[in-house]
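Scroll down for the structure; my scribbles are underneath it.
Letters A, B and C mark the chains in the order given here, with residues in each chain numbered from 1 onward.
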Amino acid sequence: MTSAIEERLADLGVTLPEAPAPAANYVPFVKLGEMVHISGQISGDENGLITGKLGESMSVEEGAKAARACAIALLAQLKSACGGDIDRLVRVVKLTGFVNSTPDFIEQPDVINGASDFLIEALGDAGRHARAAVSVASLPKGVAVEIDGLFQIA
Amino acid sequence: MTSAIEERLADLGVTLPEAPAPAANYVPFVKLGEMVHISGQISGDENGLITGKLGESMSVEEGAKAARACAIALLAQLKSACGGDIDRLVRVVKLTGFVNSTPDFIEQPDVINGASDFLIEALGDAGRHARAAVSVASLPKGVAVEIDGLFQIA
Amino acid sequence: MTSAIEERLADLGVTLPEAPAPAANYVPFVKLGEMVHISGQISGDENGLITGKLGESMSVEEGAKAARACAIALLAQLKSACGGDIDRLVRVVKLTGFVNSTPDFIEQPDVINGASDFLIEALGDAGRHARAAVSVASLPKGVAVEIDGLFQIA
């Protein structure tokens, strides 16, 4: 089975990993009819967690890369929620992006754009989403970014 | 076309602005059937952004005004989501209010009341919503308040 | 009328309190068809509010107890949303857990587990939920934890 979305991801140099297991006693997603609620995904990749605090130990560009990693983890969970067939995706509905930053950091949109730009690049119009982007005091395990998401599938 | 809600807003001295454009690569709202998910609206008005940090550079009253400005921006987006006819609003379902504050500020409810009180004043029972109100480390561009929302329309 | 869920809660030593009134001008929940959106519940019990800041004045164990108290308050609101019959619960869909912490605290999952573990212990598979867990700069009245939730009912 060829997935159009996974081919497009491959063009972008992205292979979806196995959907990461939750860090605690909850589930990675809940599917209710067409809607999939995906738990907050923390920034990490094949080299491990992406930790850091924006405004202190990390540049905006590095933060945007961390946000992109969260988006990839969201798609990995979505694929799992779709029983392996991510082409069932209809729409990315809403993301909430939490940035680990100092109290004077004000470039949250540029950080979370790492996720938003990637989703639109990978998914086209289906990737266009509503979102909120805020800075939080801290994040699990010291990661730089956490993003949760609501998706619509067929 | 006369809008009952816009007449009521006019009584309160409020004219809905053009729906503000997103600060980055996402969309201001996603409509799914009856539900409208609106992106986080940052505090601002005709004079520009309302910036500041509660507990430091801004009073609770000023914070409440900033929250009210977010609510007006949410209604402007809602009107746009309704194709211009905001009277299609059925219910404000849920708001999440993010307050830019110091770590010892504890009057988040009084700040976000600036939005909640306004919505109930403007919309009556249709304005009664569930909500969460929390303080965040910082917000985009240094604004005082950001609020996202879920709305039901006909 | 005997409630299976309330019997199970009694086994765990929990009696649902009257649903707490909101701290401000909003409603504790909005019900839309099968979905119940419950406002952020702040940590507190029969002895009053549970205040404190993780990483400073409170241990992870105390934080987890505060999160458990939020989960109990969520169930009290849910019972109210069900017209008193909490056995109409189908599924806990999504929690967002906000932890009041210092900027260097990184054990948010262990804190919010106080809520997640309790819900699964009390409700079984119906208690398994998606979630996000983040640290915020501060919370209303200085409470340690605030959690909002989305529930499905029959």
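One rule holds in what follows: a contact is a pair of C-beta atoms (placed from the backbone, for glycine too) under 8 Å apart; a residue touches a chain by one contact, two chains touch by 3 or more.
Computed from a prediction, not measured in an experiment: that's the story for all the values here.
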- request: Report same or different for the chain A and chain B interface, where same means the shared residue numbers exceed half of all residue numbers found there.
  value: different
Statement: chain B onto chain C, same sequence, C-alpha superposition: rotation to the nearest 5 degrees is 120
- request: Return the distance between the CA-based centres of chain A and chain B, expressed in whole Å.
  value: 25
Task: Can you tell me which residues of chain A touch two or more of the remaining chains?
output: 96, 102-103, 136-137
Statement: Listed in rising order, chain B residues that touch chain A in their complex are 23-30, 32, 37-40, 53, 96, 98, 102-103, 136-142, 146, 148
- line: In their shared complex, chain B is touched by residues of chain A numbered 55, 91, 93-96, 101-110, 112-113, 116-117, 120, 128-137, 150, 152
